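Input: structures, listed below.
One chain, subunit A, appears in both complexes that follow, with subunit B as partner in the first and subunit C in the second.
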Partner chain A sequence: MASHTCKTFLSLGRINVPGLGLQKTASRAAYATGLPVNTSAGNKGLPDRSGRGSSVRKPKRDVGEPRTKKMPVDQDWTAVYPAATPFRQDSIPLPVRMGYPVKGGVPPEKKGNLELIKIPNFLHLTPAAIKKHCEALKPMCTEWPSTLDTDAKCDEHFPIKAESTDYVSAGPSVRNPSARIVHLKVKLSSLNLDEHARKKMLKLVGERYSKDTDILTITTDSCPLRQQNYDYAMYLLTVLYHESWKTEAWEAEKTVADMEEYSWEDSPSQRNILDVLVRMKVVGEGEGQDVREQLLGRKEVQEYKDSVTRLKNEGESEDAMLQYKEAVKKVFNL
Partner chain B sequence: MAASMALRRELCSLARIFSNISPLAPRALSACSAHRRFNIIRSRLPSTSSTSFHTATVFSSTLSSVTVTEEPDSLFQKVSVLVKGHDKAVLDSYEFFATMAAKELGISISKVYEPHKDTERLTLLKSIHIFKKHRVQYEMRTYYRCIELSHITGCTAQVYLEYIQRNLPEGVAMEVTKTTMEKIPDHILEPMWKDHPVDDKPSQ
Partner chain C sequence: MALHRLSFRLRQTATYVRSLHTSGCGQQQAAVAVESESETFSVCRAQENDPACQSEKHLGQYYTLPSAHVRTLFPHGLPWRYQQQVKTFNEACMMVRSPALEVISCLKKTDTSKPAVRYLFYGLKGSGKTISLCHAVHFCYTQGWLVLHIPDAHIWVKNCKELLPSSYNTSRFDQPLQATEWLRNFKVTNEHFLSKIKTKQRYVWTKRESTEEGSALGELVDQGITRVKSSSDVVGAVMKELRLQSGQPESNFRLAVAVDGVNALWGRSTIKKEDKSAVDPEELTLVYNLKKLMKNDWTGGAIITTLSQTGSLYTSKSAYLPHELLGEKGFDKMDPFIPVSVPNYSEKEFESCYLYYMDRHWLQHPQSHTEEGKKELVFLSNRNPSMLERICGSL
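Showing the complex of A and B:
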C-alpha cells in the first residue's frame, strides 16, 4: 500500500510541476503514465486539484446540427473545400454511400464511413475551382507561335529533338535515376552533309540510324545529371558531323565489300554478261575493248543493268524479279 | 487596360521566340521592339496555389508579380503525361481535372488514352509452417492513363505541370516525357575543315 502510494505520488510528482502552471485538462491528457492512478491516493498528493481521477471526464459539448443544413444552395464551394482535405461528412451536402452493401441492403452511409475518408477526393477541384485557378495561372503562360502549326514546319525550323522523362512518385526519395537519360533525335537530311560525309556518318553511327525514318537517335545515360547527358549528346553530334566531313588516307582502301550500295560497273555481273554476249557473237566478229563498249551501249544491256542493280539494292520482290526476267529475255532475244 | 497588357505580354513572348526564327516574321519582331520595356516582376507559382484563390483580392497581386525575361522560351513538340495508380476511379477524376485545366489554359490536347493495366500476382503459403497445399493469392493492379499535349511552350508547360503535380492525389505516380525542339547549333552548320584545312593526320 505504501509502495503503491509511493508510486502514484511519483507519477503525480512528475505531472505536478508543469501541471500547476498549465492548469486542468490539457496537461492531464498529455501525461499518460503506465502506472494505475488511484483516486484515494490521488487526493492525498494533490489537495488543490479538484476531482482528479478516472470517474470525472471533461464535459462533452453537444454535437449540434451538421453544417450541411446551414449551407445555401448557391454557396461558394471553393471556400468550403479550398485545398485537398479528407472527406468531412458534415461539410458535404451529398447523400454519398460507399462500401460493401449490407446483406440485402445498400452500401453504408457517409456518417462514420472510413472508406470515404481513405480514398482521395477531388472536392477541392470542382470545375469552378479549376476555372479560378486557371484564371490566376493564365498570366504566366505564353503563346505557341502561330506559324509553327504543323509538324513539318517544326521539323524544318527546329530539326533537333531532345527527349527526356521526369518522374513524380511518393517514396523515400524524390530522385529517380532514370530521369538523367536523354535521347537526341536528328533527321540527317536537315544536316549539311555531302555524299561522302553522309556515308561516313552512317558507318560511324551504325545501329543508331533508322533507314525508314531517316532519324539518327543518340541516347546518353553515362553522366549522372540530365544537363551533362544533354551536353554530351550535343558534343557527340558535333564530333560525328565534323569527323564525317574529314577524308582520311585509309579511306582510299575502300573495297567492294565496304560499299553501301551495289554498283554494276566492274562487277562480276557485267563481266559475265559481256562474256556471254561476245561468245554469242551478237555484234559480229571482233574482239577487244571496243566490242565490249559497244555492247554496253545497247539498250537491252542497260535494262539488264537496271534490273540487276534493283534486285541487289532493294532485295527480292515480285516486281524486281519480273523486271529481271524481261530484261534477260530481251538481251538473249528469247 | 487589361486587354492591352495581355496583348503586350503576348507580343513580348512572341518576340522571345521569334528572335530565334528570324526568317519567319520580321514584321512582328520590329513591332515588338517598341514594347520591350516592362517593369513587371516574375514570381514563381505561390506554394499555396490551391488554397488562396477563393478570395477575389488575391488576383490583383498575382497579376502584378509576373516578369517577362529576355531569354528565349523553350518549345516542346510533345509533352506526354502518364499517371499510374491502383484505383481506376481516382485516375478517371484526375483525367477530368487535367484535361479541363489544359483546356482552360489553352493547351492543345492531342490524345487521351488508357494503356492496359498491369497485374502482378503472388501465390504465397498461407501458414508459417507446413500446410503446403494451402496457399493465399494476392494481386497488385496498376492502372494507367496517358494525356498527350502537343505544341506547348516552356513557360506554359512549367505552369501546367506544376499545377498538375501539386494536385496529384496520394497513391498516384506520374511520368512526364518532354520532347524539346531545337535549332541546329552554329558549330554544326558548316564543317570546320573548310575554313581551317587540316592535313590528314593518321587517326589514332
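Showing the complex of A and C:
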C-alpha cells in the first residue's frame, strides 16, 4: 500500500514537474534575466556576417532529466556522495531553499542557487557513511581490556589523566592552534604525600587544586605542539612532587597567618581562657604547669576548645555561635 | 470625586450610628467593649516597670521607663529615632524581649569576686540590639550600679574635627571635643557616685594643675570638662580609677560598662594625620583606654556590648556576625564572651508592637486597622523592628 502511494506521488511529481518547470522557467525569466535579450536586434544590426552566424553556432544539448528522478528511496547514499564535494542540486532529492526571500515571496530554490554551493556541506558524512568508516577502522583497533570495567578500577591503575581537544573545521587549513592545550588531572589522594608534603603542595599549586573533588589540574599551553605540552605537564608534576617532600630552612619561619587551619594550642583563645579560669580560682593554688594541665583537662574547657575551633575553621553560622555561647556559659557557670 | 467623599462621610456617619446603637442597646455591651479594650491595653503593656522583676511571662510586652530615669541615664544613649518616638508619644516604652532578659538574668547572678563577664549583642541591622543594650543598662541603673555608657564607639573613630598629639604619650592622639562631650554625659548619669568615689592616685595635668590623691571623682570630671585640652587624659584617668576600684572589698559599687558598636575599636578609622596617612584606632587615647577596660582583668561588674554595622567603616552592609565585624584581632581580644543573638520580631512580638502603635494612635491609615493591612505590614517589614517603625511612621 505504501509503495503504491509512493509511486503515485512520484508519478504526480513527474506530471507536475514539466508544468512546474515551465512555470519555473517563466518566473526565472521574470527576475533572473533583467537584461533584454535582443539577439534578433543584434543579428539585424550585422546583416553581412549573419550569413553563416546561425548555422555555425553549436546546437544546444538537451538538459536531460535530473538524477533525483531516478533515485530509489532505499538507495545507498554513500555512493551518491562518497567524498566531500560541493552541492549538486540535481543529485539531492530535497526541495531545499536558501537565500534572502524575494519581496512577498520565499527564499530562492536550489536550482542555480550559488548560496547553497558556497557553504560547506556534510552530505558525505551521513550516519550510514560513518558506519561504513567505523567498519573499515575496526580491524585496525585493539580491544578494551576486559578487567577495566569500572571507573574506580581505571582510576586506580591510571590515576593521571591527560585531556586534550581535537578541532575539525572546513576551511583552508586543518590546523587549529587551540589543539595544543593539554590538561593533566591527578587526584592528590593517589599520590604518596605526608602531612607536610601535602600542605606544601597545596601552597605551591594554589588555584589549580579543587577541594571538593581533590583533583589537581595542570593546564599547559606554552609550547606550540601538543606533545611538547604533555611532556612539560608531566615534568611539572614530577617537580612538584619532589619539591613538596623537601623541607627548606626558611620553612621554619612559618607564622600563624600562614597556617591553613586553626589550631587551638598556643592560641590567644587558649591563653585567655586559662587566664580567666586562674583568676576565677576554679582550681586550688598550685604550680603553674599543674594548674594548666588540670584546667585543660576539664570538660568545659574541652567543649570550649571544640566550639572555638569549629567557629574558626568552618566559618561563622548561627548554630556555631550557639554552641560557643553554651560552652562559654558552662565555663563561667552561668 | 465628590461622590467618593459623600460615600466616605456616609460611612463615617454609619459607624457613628452603629456605635450609638450599641451603647444605647445595653450597658452590658458597652461594658464588654470597655473590657476588651482594657484587655488589649494589657496585652501589649506589662504591669511591671522594674527590669529586675521582669520575667518570661512579660515577654513581648511593653514596659514604661520613668522619665526621670530617661533624663539621667540616657542623655546620649538612645538611638535617634527612638528619641523622636519618646518625644512624640510622651513616654518611653521598651519591649521586653528574650535577649535582654537573658543578659539581665545572667547579670543578676554575677559574682563580684569573679572577673567581669563580657556579653555581646549581635544581629541583623535594625533588629533591636541598641534597645536591648539600653534595657540591660536600665536594669543596672535600677540596681544601683555605676554605668559607664559609650553610646557609639564609631563616633570616636570618624569625623574628628580636632586631633591633638597627646600630652601624656607623644605617639597617641587626643580628641578633646568628643572627650568633653562624653564626660558631660557621664556626669549627668552618675551624679551621686561622683562624690563617693575617691581617686587613688595623683594626676598632674600641667605645671600648675594637678588632682591630689583622695579627691572625689567629681573633681576629676570637672577638671576634664573645664580644661578641654586634657579631657582625653581625664577620660583615661576616670576609666583607670573605676577599673581599679570596682570589685575591691572596700568599694561598694559595681561597674557596668556598656559600649555600642564595639567593633569600632578594632576596625579602621577615617581620621587622617597631617601627612594624610590613616590613624590606627590604637593610636587614639580614648580608644586605647577603652580597650583596656574591655579586657576582663578587673572584677566586680560586667561588660555589655553590641556590634553595629551601621556606623562602621569599611565593612559590607550584610555583615552581622561577630567574626565578620570584629575581625580576628577583635575576636581574640573579646574572647571568651557570651554572644547573644537579637533576632527580628517573632509573631507575638509583632502583634504586641502593632497593638502598641494602635494604642498610641500612630497608625492613621484606615487600611492599617484591617487584617489585610497587618499582613501587608508583616510582608513589607519582614518583622524587622526598625523597618516596621519606619513604615508605620508614614502611615
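Quick notes on this structure:
Going forward, the second predicted complex is superposed on the first by the 191 of 334 C-alpha atoms of A that agree within 3 Å, B and C clash if a C-alpha of one lies under 4 Å from a C-alpha of the other, contacts with A are read in each partner's own complex, and residues count from 1 in each chain.
By our rule, a contact is a pair of C-beta atoms (placed from the backbone, for glycine too) under 8 Å apart; a residue touches a chain by one contact, two chains touch by 3 or more.
Everything numeric in this text was worked out from a predicted model, so none of it was measured.
When the two structures are aligned on the shared chain, A:Met234 is found in touch with subunit B, with no touch to subunit C. After overlaying the two complexes on the shared chain, residue contacts for A:Tyr304 are found with subunit C alone; subunit B is out of touch.
In the overlay built on the shared chain, the residue A:Ala136 is in contact with subunit B alone; subunit C does not reach it.
The partner of subunit A that touches more of its residues, comparing subunit B with subunit C, is B. Touch criterion met: A:Phe332 reaches subunit C, while subunit B stays clear of it. Applying the stated contact rule after C-alpha superposition, one finds that A:Met280 touches subunit C and leaves subunit B untouched.
By the touch criterion defined above, A:Met321 lies against subunit C but remains apart from subunit B after alignment on the C-alpha atoms of chain A.
In the superposition on chain A, A:Ser269 makes contact with subunit C only, not with subunit B.
The touching residues of subunit B, counted against subunit A in their complex, run 6, 9-10, 13-14, 16-18, 21, 24-25, 42, 45, 48-54, 58-59, 62-63, 66, 73, 75, 77, 87, 89-90, 93-94, 97, 100-101, 104-106, 108, 151-156, 159-160, 163, 165, 167-185, 187-193, 198, 200, 202-203. Within the complex formed with subunit B, the residues of subunit A that make contact are 76, 78-79, 82-84, 119-120, 122, 124-125, 127, 129-145, 147-149, 151, 154, 157-170, 190-192, 197, 234, 237-238, 241-242, 245-250. The part of subunit C that touches subunit A in the complex is made up of residues 106, 109, 114-115, 117, 122, 296-297, 299, 321-324, 332-333, 335-341. Subunit A makes touch with subunit C in their complex at residues 267-269, 272-273, 275-276, 279-280, 304, 308, 311, 315-318, 321-322, 324-325, 328-329, 331-332, 334.
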